[in-house]
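The following blocks contain the structures, represented as structure tokens.
Each of the next two complexes has subunit A plus one more chain, namely subunit B in the first and subunit C in the second.
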Partner chain A sequence: MHFLKLVLRNALRHKLRTGLTVLGLVVAILSFGLLQTVVDAWYAGAAGAAPTRLVTRNAISLVFPLPLSYRDRIRAVDGVRAVSYGNWFGGIYQEPKNFFPQFAIDAATYFDLFREYRIPDEEFAAFLRDRKGAIVGRKLADTYGFRVGDNVPIRGTIYAGNWEFTVRAIYDGAEPKTDTSQFFFHWDYLNETLKQRSRARADQVGIYFVDIIDADRAAEVSQAIDALFRNSLAETLTETEKAFQIGFVKQTEAIVIAIRLVSYVVILIILAVMANTMAMTARERLSEYATLKALGFSPGYVARLIFGESIAIAVIGAGIGIALTFPVAEWFAAQMGTLFPVFAVSRETIALQVGCAVAVGIAAALVPGRRAARVRIVDGLRAIG
Partner chain B sequence: MNDAAGAPLISIRNLVKSYRRGGQIVPVLTDISLDVRAGDFLGLMGPSGSGKSTLLNLIAGIDKPDAGVLLVDGVDITQLDEAALADWRAGNVGFIFQFYNLMPVLTAFENVELPLLLTRLSRAERRDHVEAALALVGLTDRMEHYPSELSGGQQQRVAIARAIITDPKLLVADEPTGDLDRHSAEEVLTLMDRLNVELGKTIIMVTHDRRAAEKAHAIMYLEKGELSAAADVHERSVR
Partner chain C sequence: MKIPLAYSLRNLWTRKLTTALTAGGMALVVFVYAAVLMLDAGLRQTLVSTGRDDNIVVTRRSAGTEIQSAVERQQAAIVESQPEIALRAGGAPLVSKETVVLIAQPKRDTGVPTNVTVRGIGAEGLALRPQVRVISGRLFRPGSTEIVVGKGVYDRFEGVGLGERLRFGGREWTVVGVFDGGGSAFDSELWGDGEQMMQSFRRNAFSSVIARLGDPGAFDALKARLEADPRLTVDVKRERAFYEEQSAALSNFISYLGLTLSVIFSIGAMIGAMITMYAAVANRTGEIGTLRALGFRRGAVLAAFLAEALFLGLVGWVVGLAFASLMQLVQISTLNWQSFAELAFRFTLTPKIVLQSLAFALAMALAGGVLPALRAARLKIVDALRAA
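Up next, the complex of A and B:
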């Protein structure tokens, strides 16, 4: 009790200095948390992937389609429970800056595979009845103010022309990490239109989604699917949904690494600031530490005083920083619109923030703590000036 | 002091201490021998740099000699390791410093209580002891004051209360009146005299102040590392 009292009173002795150090910590821990959350958001697709879902695409590139006829052959592979498919649409809503993912999907099967999208039954039934109907995620609906019954015109880029959709359902995510920024519509609508406008592009599928019975057999089933189409005109590449999503992230991996590095550089900077504060503090109080030792207190006690003070300051700064991370992340996500479909502060990020703060508190006290513990009493007493 | 009857509380034989400064070895104390009996009040005088504070530090166990024997109440403290020496100081020595050396973030009460935190006394027992010590130095009404709210004389009295709180045999005082005005210095010296006379504390005091030294039973001069009895010592009868 006495020890804690001494630690806390010492920490508050130079209010301005402690206040500025705490402010620095708050900014550092907050920045670290936000940057880590940005990295998490980058990997959100991979994090949300189901272990029993595979993705089959053209082995040459994602931009080349696969024949619709592959569907039944894939479904017949041992270990496959269900198959669905879809095409990336890539249209523009009003302006190019209004980016959000649009997928033409097989309405009858897609949502059986993606059970994390929660759709009210009556709205889903309305979607099935309307060939031009669309299902939008909650975040997307909130961003652009879409409501059930609204008409949404989209200008095609991959599939030229103006396309009209009617919002028939709004889906929510089963978990916070579920992406609710997507726009789904009937693959049949796309295919029938293509049959009229560009027949050669009809009956082509961008991606097959394969639901397998046992996640442990993912590699075996993937190989079996790809073996089916080896030496064909459209060879396939099958991988887990997670590997497929990470493949996208890999394309921008340098940015992710840079963000990660910056987040740790921020921590290093605050460590230097904190170490300076603690070094000044310990130097000023050298005579007090010497007095304590003269009275019979151990060098360990003196070191613990410095470590305690350093950790107390770090924990106060981290506490405020972590508390601020949530509202600031929410504000940041709102500013980013649908650029980051999932932008949530994870438990891992909070644990990292706490870990970094404690590490900073300990590291900053290492040198001054050691010095105060080892200083000869007579030298320390002389430091009184 | 050396020729008095009975076993001395402090017995120093052939004590040597030197410091290393800039690659050179500077001798501070050369072959010091001295006995101090329990209940003595010894003044140590000498010019600056003569080694009187060094000798005091050695006796108090906060510095180690290069050679020699230093027995305090039968314990050769030169043979104790750091941890044992810290325990020994906690139980046997009370410190009075020139600049009081109080913890500025603790109240007078908490400062005096500090050494008791190393004992097994309960909180209530500690409170009783601290209140008694502060009453002895006349600061009962200043218990909750911080050092910055006290005068120099009052701070030194708090430091004296802290020095006696564990009831040590030996009090060491390094220029205890060096930072005080004349009136406060007189109060502090009177208090130290009371501790010596009424409580039987053995006191060794380093001072430049002749008036302060006159409170001591005996004065020793230290010059160029050598100790000698003062020629004009004002020696009172030793109780």
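Up next, the complex of A and C:
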């Protein structure tokens, strides 16, 4: 008890210095937490993928479509429970910076596969009745103030022209990690408009979503589907939804790695600040430590005093930093709107924050602790700050 | 009278560990700040060297990228016959009607399939881009299923060596050469014959039409006429502006994220400088009193402590920038969200970044040092001398 009291009293001797150090730690731990959360958000699509869903697309790349006729052939493959399909629409709502994903989907089957999207029954029925209807995610609706019944004009980039949609339903996620920033509308609406405007592009599907009965057979079913279309005009590539999502993330991996590295740089910066604080503190008190030793306290006790003070400061700073992470992350997510569909502070992030804080506390006390433990009583008593 | 600069410098030298730690913290912030600016500069340089001001890019209206665009043959022919477009010696217009698609090809280091741009060019495609030259092998023969690969793709992807065959669009394509795009975005592309690609992808529309202007000043008139032409639904852009738009999102992302981080991180370094300088003032109260008693004015004491702080910033800048300049050896490749294809670029150090990071480091040091220096300057002579 006395030891703890002494440590805390010591920490509070230079209130300004300790206060500044704690402030620095708060900033560092907070920004570290936010950066880790940004990285998590990057992988959120993959984390939300169901193990029983496969994605079939054109083997050349995503910009090439597949014929609609593949739907029935895929459904006939052994192990397949259901098939749905959709096209990436890639339109612009008012301005290019208002980015959110829009998909033309087969209304009858899509939400049967993606059960994590919770839609009120009567709203869903209204969506089915309205050919120009759309279903939007809760987060998207909140960002742009969409309400049921609103008209949403979207300018097509892949499918030229201005498209009008009416919001008929708003979906919620079954889990916090469910992406509720998407915009879905009838594939039939897209297809019939294309039939009138550019016949050649009609009856083409961007990707097929395949629901399989047994997740363990994913590889086998994928191969069976791809084998069906080998050497055809449009060869397919089938993979699990998770692999498909990770494929996207992997392509921007350089940025993810950079963010990860940078998040550790802030820890290094605060380590330098903290080590400086401890080094100055220990130097000023060298004669006190010598006095303690002269009174009979062991070198280990003196070192523990310094380590204790360092860790105490680090833990206080980290505690405030972690506590602030949640409201700041919430604010940040609100500012970013639909850019990060899922932005939640994970348990691992908090564990890493605690770990880094303790590591900084220990590392900062290494040199001063050693010096204080080793100083000869005579030299220590003679020392002046 | 001024206090000699040597007084400030020697004070830093006496507390080597503290000086090193404080300057080290600042160096890390300068490193992050400079690296971000270098990345953005590298990206911009890549795109500036990709586009020329006297070339125009014609795409379908509001397509944004060549991948999403489609220009019908008749439309391309109308564009081609405009009087503003430069002619070759033989009288043929300097126009390349191009087909741009993406293929997924595994990367060499990770094996991850990554989107690569494949560009089918017309006969004048090379003449329109003088920065591109073949560095090994030869150019593809027109009308054949041969392709040449950009240097960046050649270095980073599997299966694109000379003589290797790529399979896409129901055909096999033989790699016959490697070209150097002079640091442009073309380095991240594969080039082949446009008409052959149209056939194998079963397309009837080009992705874009690239043309050279006879007089770069005629751009506005041409743009106005083409965009108003009822037979066409196209956007006309200068090539350089087109490529700048292609990476605007990536560039914004890098600079916003980087600058936000630099500012947040700099709080840490400023606190470090503040702690160091407050300690310096506290430890030297007696000295300050003596200096004042000797006749040095408050302003001189203030200047001496500010100089000390600024010098910390200067050391941080030198070290941080030195490490950042090493980053020039690193090449970054990532997916460009807009064109949806891989783009490679380098960290590029420009004189502007050197100055910007210097200003940033000094501002950081000043912000950290000003309060402690004011405290030093405000000390009363008697109190200060008594404290010693």
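As a convention for this text, the second predicted complex is superposed on the first by the 383 of 385 C-alpha atoms of A that agree within 3 Å, B and C clash if a C-alpha of one lies under 4 Å from a C-alpha of the other, contacts with A are read in each partner's own complex, and residues count from 1 in each chain.
Just so we're on the same page, a contact is a pair of C-beta atoms (placed from the backbone, for glycine too) under 8 Å apart; a residue touches a chain by one contact, two chains touch by 3 or more.
Remember, it's a predicted structure, so these values are computed and weren't measured experimentally.
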>> Please determine, from the superposition on subunit A, whether subunit B and subunit C clash or fit.
In response: fit
>> Quick one: is A:376 in contact with subunit B, with subunit C, with both, or with neither? Answer first, second, both or neither.
In response: first
>> Once chain A of both complexes is superposed, is A:13 in touch with subunit B (first), subunit C (second), both, or neither?
In response: first
> In the superposed arrangement, does A:2 touch subunit B (first), subunit C (second), both or neither?
Replying inline: first
> Regarding the shared-chain residue A:319, is it in contact with subunit B (first), subunit C (second), both, or neither?
Replying inline: neither
> Hey, is it subunit B or subunit C that touches more of subunit A?
Replying inline: C
> So, does A:293 touch the first partner subunit B, the second partner subunit C, both, or neither?
Replying inline: first
> Which of the two partners, first being subunit B and second being subunit C, lies in contact with A:254: first, second, both, or neither?
Replying inline: second
> Across all Cα pairs of subunit B and subunit C, what is the smallest distance in the superposition, given in whole Å?
Replying inline: 14
> Which positions of subunit A sit in both the subunit B and the subunit C interface?
Replying inline: none
> If you look only at subunit C, which of its residues touch subunit A in the complex?
Replying inline: 17-18, 21-22, 24-25, 28-29, 31-32, 60-65, 67-68, 101-104, 110, 112-115, 168-170, 201-202, 204, 233, 253, 257, 261, 264-265, 267-269, 271-272, 274-276, 278-279, 283, 332-335, 337, 340, 342
>> If we count contacts the way the header does, which residues on subunit A are in touch with subunit B in the complex?
In response: 2, 5-6, 9-10, 13, 287-288, 291-299, 376-378, 381, 384
> For subunit B, which residues count as touching subunit A in their complex?
Replying inline: 54, 57, 60, 62-63, 82-83, 86-87, 89-91, 95, 97, 99, 101, 103-106, 110, 113-115, 117-118, 162
> Taking the complex as given, what residues does subunit A use to touch subunit C?
Replying inline: 16-17, 20-21, 23-24, 27-28, 31, 35, 59-64, 90, 92, 96, 155-158, 160, 200, 233, 237, 247-248, 250-255, 258-259, 262, 265-266, 268-270, 272-273, 275-277, 279-280, 284, 367, 385
